[in-house]
Amino acid sequence: MSSPALSFTLVITGAPYSTQAPQTALAFARATVAAGHRIDRVFLYGDGVYLASNLASPPSDEANWSHQWRAFLEEKAVPGVACIASALRRGIVDDNEKQRYELPASNIAAPFSIAGLGEWVEGVARSDRVIYFHGGN
Amino acid sequence: MSSPALSFTLVITGAPYSTQAPQTALAFARATVAAGHRIDRVFLYGDGVYLASNLASPPSDEANWSHQWRAFLEEKAVPGVACIASALRRGIVDDNEKQRYELPASNIAAPFSIAGLGEWVEGVARSDRVIYFHGGN
Amino acid sequence: MKPFHTLHILNKRPGHPGFKSCLSCLESRDALLLTENGVLALADKGLTLEGAVYALSADLVARAIPEDASIANVIDYDEMVALTIRANRVISW
Amino acid sequence: MKPFHTLHILNKRPGHPGFKSCLSCLESRDALLLTENGVLALADKGLTLEGAVYALSADLVARAIPEDASIANVIDYDEMVALTIRANRVISW
Amino acid sequence: MKTLVIINQAPYGNWSGREALDMALSLAAFDQPATLLFTSDGVNWLRKDQQAAAISQKSVDRNLAAASIFGVSELLADHQSCHRFGLDDHTMIEGITLANINADFLRAYGHVISLS
Amino acid sequence: MKTLVIINQAPYGNWSGREALDMALSLAAFDQPATLLFTSDGVNWLRKDQQAAAISQKSVDRNLAAASIFGVSELLADHQSCHRFGLDDHTMIEGITLANINADFLRAYGHVISLS
């Protein structure tokens, strides 16, 4: 690519299985990095937070979108953030929330972390491009 | 009610928050029991399995659909069953599946249990009415 | 209470493709029950509903949609259960 | 590569209300990129698309929809990234 | 009692069609008669030569081939929807019967399921 | 850069409109200009006297009242959609400006979000 490197924030609002959003976003993210651009963060919002569960076990001959995303984020050192309000409603919690709400377990998959919408606002204010991957139904 | 008591199977295919299905189904279920009818089972399918998570923590001034459903099922001794294939893909697992797939936790909320589509077929074959509560999007 | 052939339960907004699919399968002996976003049909000026139409009161009240008895019979969940029993067949769209 | 004003990314099926909303906001300096079920538009006989139209190859191949170059420029994910950079603004419908 | 399972969503964009198909297969496995009907965007399930590996999924046309083997009585497609999406003898997988969907058609089925 | 958040889904049937509203509120909280636009079925957010307690939810019209207090610049509604759903001065909450949605209208916003 001859164009200068830009920074991206990717926002995923569609869940795996209910939508194709996590898949399309992953293919786009790989292409973004391959072209020499930087991904500031991947922000999971609404039903998109289901992607951060560490308990999904699809049949072994099917893609595991959560696994694939986690591997990508780790390899490329890209922060993955699930919106705290969306996540709490939908039962995606880290150890802090587990303790605070006295829940029987936590289920967020590393390297995903939980944070507020401020992370997304930061993307809107500072990333060169904010690209949304919504559900299509 | 002067009509004779009938048996129902209720099938929920819409998730809390993404759809109104769990709410409408609960109001319908309460009315069914109040009218003297029997609910053979509530079957969660597709995105409906998210209702069986024990980790959802909505803000305290909002309804917790999972809590309300669990209380209803226990009080009325109605079996609640999540489809195993739908549940595994979406990260809703019991202790058996946790061990089998070496997962870090289980998150199914009692009294919900996990079983195959045969439970639903049983409803189609034997319940007087099978009523579906789908997503509306 | 006369039985009817099919009770069609419709929870889709009027613009949803499933809304049209449902209406195309209605016949004279059937009844239509609008629930959830389906009750928006009562406020939609582009629509005319015919035949035996019911709408859930709770969904109308939540959305502040007037309970127009000339379009639909407004019912509660108890009556919804009774409708599923009166029908020979129930289809949720 | 000429820049264009807005890249509209459309992943909705042609019957979805959002499909129409997106088309109504297109102007001559814009480009439309069909992804996911949006690529069904290339097989839909009831539709005519005009202007700069792109479609994701992977989604066409998955659905066995012929890559009709007279309707859309067929691109891969690398080119999708390039499109988001060429546009002054990107809207995902 | 005959059950009709309606698939009105296109494949790959979400899982609901696959889950509807699983319902039909389960009925057949328990010797309950089941018919599959593809209508609206759902007819796009029936196109030949789908290569879903391009988006890391499994093609659904193979699942359909399994349907009749595993006892699903009939695979039907709505005539008008097929026409709209350019599906004909040349572009459609084999073993599909065309039908016109209306109240008369539905009457034959005691139980009708429409996931969407 | 001005952000436009589009709400095109009716309230109560799902959470997406509330989550779009939260986005607008967050932008405002961080002093980023945000405008809310209700269009298509989304205009049903704007009806007076909603009583969502009937379905055990909280009414969204109160959330909207909060929007301008917390710094959301403008609440707009698509003219044609309002007409379709019978929304006028009498039936609509206060503080809404009517607009016609098209390419010209959108041009004023550097960032446009349409959850659906």
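We just call them A, B, C, D, E and F in the order they show up, numbering each chain from 1.
Assume a contact is a pair of C-beta atoms (placed from the backbone, for glycine too) under 8 Å apart; a residue touches a chain by one contact, two chains touch by 3 or more.
Given the structure is predicted, the values throughout are model-derived calculations rather than measurements.
Q: Spelling it out: a chain qualifies if it touches chain B and also touches chain C; which chains qualify?
A: E, F
Q: Give me the step distance from chain E to chain F, shortest route via touching chains only.
A: The fewest touching-chain steps linking chain E to chain F number 2.
Q: Count the C-beta pairs in contact for C-E and for C-F, then report the pair with the higher count.
A: C-F
Q: Can you give the whole-Å distance between the Cα centres of chain D and chain F?
A: 27
Q: What's the distance between the Cα centroids of chain B and chain F, rounded to whole Å?
A: Each chain's C-alpha centroid was found; their separation is 33 Å.
Q: Suppose each chain is reduced to the average of its Cα coordinates; what separation in Å results between chain A and chain D?
A: Measuring from centre to centre gives 24 Å for this pair.
Q: If I count partner chains per residue in chain C, which residues reach a count of at least 2?
A: 11-13, 15-17, 36-37, 58, 92-93
Q: What residues in chain E touch two or more of the other chains?
A: 9, 12-13, 15-16, 40-41, 55, 57, 111, 114, 116
Q: Send over the residues of chain A in touch with two or more other chains.
A: 17-18, 20, 24, 27, 62, 89, 130, 132, 134-137
Q: Flag every residue of chain B that touches chain A in the complex, lowest number first.
A: 15-18, 47, 50, 53-59, 62, 66, 88-93, 97, 101, 103-107, 137
Q: Quick check on the complex: what are the chain C residues that touch chain E?
A: Residue list for chain C touching chain E: 6, 12, 17-18, 21, 24-27, 30, 89, 91-93.
Q: Inside the complex, what are the residues of chain A that reach chain D?
A: Chain A residues touching chain D: 1, 3, 6, 20-21, 24, 27-28, 30-32, 34-35, 37, 129-134, 136-137.
Q: Which bits of chain C are touching chain F when the two form their complex?
A: Of all residues in chain C, those touching chain F are 11, 13-15, 36-37, 40, 43-46, 57-59, 61-65.
Q: Considering only the defined contacts, which chain F positions touch chain A in the complex?
A: 1, 3, 15-16, 19, 22-23, 26-27, 29-30, 32, 111, 113-116
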